[in-house]
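Take a look at these structures.
Both of the next two complexes hold subunit A, though its partner changes from subunit B to subunit C.
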Partner chain A sequence: MFFWQILLNSLVLGTQVLLLAVPLYLVHSVCRIYHLALGASGIFTAYALYFALSSSWPLDFAIIFAIIIAIILGLISYRLLDSSVRKKETMPGMLISLAFGIILESLMSIIFGTDAKSLVNGVLPVISWGDLHITVPGIITLAAGIVLALIFLVLINKTPWGRKLTSVSENDNLAASLGIKASSVRLGTFIIAGLLAGFVGIMTTLNTALVPTAGFPLVILAFIVLLIGGLSSLKGVIIAAYTLTLIPEFIISYSGNNWSLGDSWKMLIVFILAALILMWRPNGLFISQTRSD
Partner chain B sequence: MKKLKNMFKIVYLMPLLLVLVLAGCSRQATNNNASTQMKTIKLGFVMPMSGDAAAYGEQVQRVVDYYLPIINERYKDKNIKFEAVYEDGKCTGNDAVSAMQKLTDIDGVKFIVGGICSSETLAMAPLSKDGHVLILTPGSSNIAIEGASPYLFSFSYRDDVIGNKIAAESSQYKSVAIISEQNDYNVGLRKNWLEGMKNYPDTKIVADETFPKGATDFRSILEKVRKANPDVIFLNPNAGATAEDLIKQLAEMKDWNNYKLFGQFSYTSPEALKAAPTKSEGMIIVDAPSVNNPELLALKKDIENMKGSLADWGTYYTAATIDTLNIATSLIVELGNDPQAVRQALVTREFNGYIGNNINFKNSSFTSTGTNVSVYVVKNGVAELQK
Partner chain C sequence: MGYLYTQLARFSEAAIMSMGAHLTIAVSGIFFMGIPVTFSLAAYAMVISQNFGLPLIAALGVALGAVLVASLIFVLAYLKLSADSFTVFTLASILAFDAALKSWDGLTGGVLGIAGITRPAFVSTLVRLAWFQFGLAILAFAVEQIILKTRLGRAMQAMKENKYLVESLGVSSRRVGASAIIISSFVAAIAGIVAIWRIQFLDPSFGGIMLLIEVVTIAIIAAKPKVKWLAVATLIIILLPEALRFLNLPSTIVGHLRNLIYAFILLIMIKNISEKLMPQKRFI
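Up next is the complex of A and B:
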């Protein structure tokens, strides 16, 4: 039973990472930029929800407010990064995104303080099957992760929107000559990324605690997942997200007696794994062939 | 005509003369004021005013805001006034060092009260070694404070005393587990508890788990501890949200109840106990001795009525804060704003206070009174002192 419980806990953590890796993947696919502000953007949305709930707003208004904030953050990201995207300046784009993330984190610390907050007071509701148990936010995260991963797999591979996205990502000038407005595709991508990041921000902090810095470790994990999964393969991102969370969780959970590894080892194991995989496959595990510029 | 001119001169000159006379009087009055002007001495305070442990900083500030005017009233005749300058140590070493440097370099402070977290105090200690500033902490308990600097003294109890007591209490069971946060206070307490457990070989330590500062998800750690099936779980997180989250996530595991919970200072807070009231019921908490001096209790009640709750800071630390203020200010008034002279007095004299009547630092950086601890049991959401 211990194995299954650790698996369940790890799947929730893996899904949180996946839900942030998917928007990171989308933005990178379309804009060739690592949008590292997505972690802070997600947590900012969670703080917006916290603000609305603690101001005694009705739940539906609070959710609408959080969605509006997520969209606004998507729009701001688009405005900040579009110039770098058009000039194909990958590194400055990443730095602008990182700076935006740090600004968001600092704003959260200044406005709400650095102490942890709870979106829900008291013990979270739990669903149990025999000895197995999972929190309600945990199961929502798990379900949403599976559903969204499937939706995006279908959307990208089987729909006109996916084909537009792929064409813009491969050659936006050629796409423009075919009547595809690259800027609209990019704007849509940033908004979808903002909404997904907001969702994962809320779900992650609902399951644990709300702190301004919660987004950074998550986005770093999602970034590593993106590198390992292969920058052009959503399937690879999905597999890498679960691999990179399950392996450290199981190593730590099964370590014991004189060789018990604490939770502090988690990131160390992740980085060792990432280094080993990238040494073996520098372009990631699931790289697909594309026509080069 | 000449007489008229003279009269005009007198009329013009009289006001001028009057102005000069008044100016002279005024100058004399100013000089008199200068001779009776208050001498202001700044006391620096480094404590967590943001972050998870902010509640403690806020409560120390309430005590100081209430009590410093009383001290100033006491020394009014000596024309000495103490002024508090607060800086946020954020319960971290780096921030405490920045706060201390600001206090000493910009504000010219020579006496610092704080830090509250051991991480703050231990980081500031090396900077005081040259004697340009004296640090008096009312709340840091890590035994590494002992000898860390000749200009650092703690009015708190020591962690080894707490660690040994928790070890003694948990030795009544066959197997124990500990879950600790990785910061100076909790690492120090864990180390002392492990040392204490060596005296009880019949009690087996079946799990010794740690998690990094700032962690929010403890579910896998708790599963690991559950697998070890201990009779006792000693929760050793830092105060604030981490302590609350840890017990909340433990409470999510509703079918696991065959253990006794032990806690430390972090679980004396009503907020921490409220986070998972059912789980915390019956928890055994070992902490600083409860101070039952009626005068202190009346003072604490007044502070709470006027400034706000001191529930997290408790009686011992409120007493320690007031004693720190009383002893520091009395020595400064007597010996001047001189850290070295005050240090010399601290290591040679004995003082009376609310935490005890023989407070001295003759042989230790810790107060001689910090050797007793109390055991509390949580009943109806409140940590009740066990006699």
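Up next is the complex of A and C:
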């Protein structure tokens, strides 16, 4: 039963990472930019919800407020990064995104302080099957993650919208000549990414605590998942998200009494695993061939 | 007077450390973000070695040996990964190293860190230490000036323009990039060692993302491959947040405000000078 509980916990964690990896994948697919601020953007949205709830706003207003903040953050990201995207300056774009993330983190620290906060007062509702336990936000995360991953898998690979995204990322001038407005596609992508990041931010902080610095480790973990899964394979990203959370979770849970490892070792184990895999397959596990620029 | 000497020491530490970032980011166009790792690793390796009873010279040897291993891992990643994946990998190394420091508390003191670090006899006072660090900073500037004038330095500058053209001229861009990363790692390590002699306390927050932002901001402001630009950029970044001291702000927000200022400067600078960071576009 211990095994199944670890598996369940790992699936929730893996889904959180996957939910952030999907918007990162979207932005990278369309703009060829690593959007490092997405983690901080998600946590900022969670703080917006916290602010609304702690100000005694009704729940529906609080959720609408959080959605508006997520859309605004998506718009700001678009305004900041679009010129880098158009000039195909990926590295400055990544630094702009990193700086924007630090600005959001600093603002959260100044406004709300660095102490851990909770979105829900009291104990989270838990559902049990025999000896297996899972929180309600955990179940929502799992369900939403699986549904959203499948939706995006189909949307990107099987629909005209997905082909539009791919055409804009390959050659936006050519896409424009076919009547596709590249800037609108990019704007839409940033807004969807902001909304998804906000959802992840809220779900993650429901399961743990709300701290301003929570976004950066999450976004780096999601990036590692992207690199391992392969930057152009959403299927690979999904497999990598679960594999990279399951392995450290099992290593830590089954480390013996004399050699017991704490939760803080997780990031180190993930990094070592990622380093070994990337040295072996630099383009990711699920990419067979890449075309260089 | 103590305040002025502290600022002189902080300027010198930032100048030494930023020389590495300048060489990789502004000169070679390699976005190497692992500088906080080597900065912190050298300090931890030296302090832990001394706690095990090693004399200063041997402890310094252990620290530089540890940094050599870390820099070779970064070089391996640089040779294997694409440019943007390498940047993400080095960013992840900061978090992984932080996790290792917090987890291996028997050796590193965990989140509580290591207190009571003594300075060597030759820099026993803050005044001596500040002048020693300033001397090292001048030496670092001189070394960078010399590197920029050598074949290696010219190859670094050319690599930022067009690495395929560099290859066609018979220069190994892999070797040039690896050299830039190793030099950068070692100067960051030296900065870490002298910084810990000033602070005399070591915990996982010693090297982190905020340190990276400071260093990268300096390197970006000094976008041109010129040492005087690096000196001016370091001076601006070190002195600018000092104005916050006179605003009577609560101590809990001063640090975050400083990070906010650095991040804003970084954002504005990149938005305005991004073409200097990227290879020049020529239209024929």
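Going forward, the second predicted complex is superposed on the first by the 287 of 293 C-alpha atoms of A that agree within 3 Å, B and C clash if a C-alpha of one lies under 4 Å from a C-alpha of the other, contacts with A are read in each partner's own complex, and residues count from 1 in each chain.
We adopt the following convention: a contact is a pair of C-beta atoms (placed from the backbone, for glycine too) under 8 Å apart; a residue touches a chain by one contact, two chains touch by 3 or more.
Worth saying up front: this structure is predicted, and the values here are computed from it rather than measured.
> Quick one: classify A:I6 as touching subunit B (first), subunit C (second), both or neither.
It touches subunit B, and subunit C stays clear.
> For A:S106, decide between first (touching subunit B), second (touching subunit C), both and neither.
Only subunit C; A:S106 stays clear of subunit B.
> Classify the contacts of A:L124 with the two partner chains as first (subunit B alone), second (subunit C alone), both, or neither.
first
> So, A:F152: does it touch subunit B (first), subunit C (second), both, or neither?
neither
> Under the stated touch criterion, which partner chain does A:G262 make contact with: subunit B (first), subunit C (second), both, or neither?
After superposition on chain A, A:G262 lies in contact with both partners, subunit B and subunit C.
> For A:Y25, using the defined touch cut-off, is the partner it touches subunit B, subunit C, both, or neither? Pick first, second, both or neither.
The answer is neither, since A:Y25 touches no partner chain.
> Let me test your reading of the model: by the given contact rule, A:F286 touches which partner, first (subunit B), second (subunit C), both or neither?
Neither subunit B nor subunit C is touched by A:F286.
> Touching A:A116 in the superposition: subunit B (first), subunit C (second), both, neither?
The answer is first: A:A116 touches subunit B but not subunit C.
> Determine, for the superposed model, which of the two partners subunit B and subunit C contacts more residues of subunit A.
Comparing subunit B with subunit C, the partner touching more subunit A residues is C.
> Determine where on subunit A the residues touched by subunit B overlap those touched by subunit C, and list them.
109, 113-114, 262, 264
> Subunit A touches which residues of subunit C in the complex?
My answer: residues 29, 31, 73, 76-77, 80-85, 87-89, 91-93, 95-96, 98-100, 102-103, 209-210, 213, 216, 220, 252-253, 256-257, 259-260, 262-264, 266-267, 270-271, 274, 277-278.
> Residues of subunit A touching subunit B in their complex?
Where subunit A meets subunit B, its residues are 2, 5-6, 9-10, 13, 109, 113-118, 122-124, 126, 128, 131, 133, 135, 207-209, 211, 213-214, 249, 252-253, 256, 260, 262-264.
> Across the complex, what residues on subunit B touch subunit A?
Per the stated touch rule, the residues are 50-52, 54, 90, 182, 207-212, 214-221, 223-224, 226-228, 240-242, 244-245, 248, 251-255, 275-276, 279.
> Quick check: in the complex, which residue numbers of subunit A touch subunit C?
Residues 34, 36, 80, 83-84, 87, 89-92, 94-96, 98-100, 102-103, 105-107, 109-110, 113-114, 216-217, 220, 223-224, 227, 261-262, 264-268, 270-272, 274-275, 278-279, 282-283 of subunit A touch subunit C in their complex.
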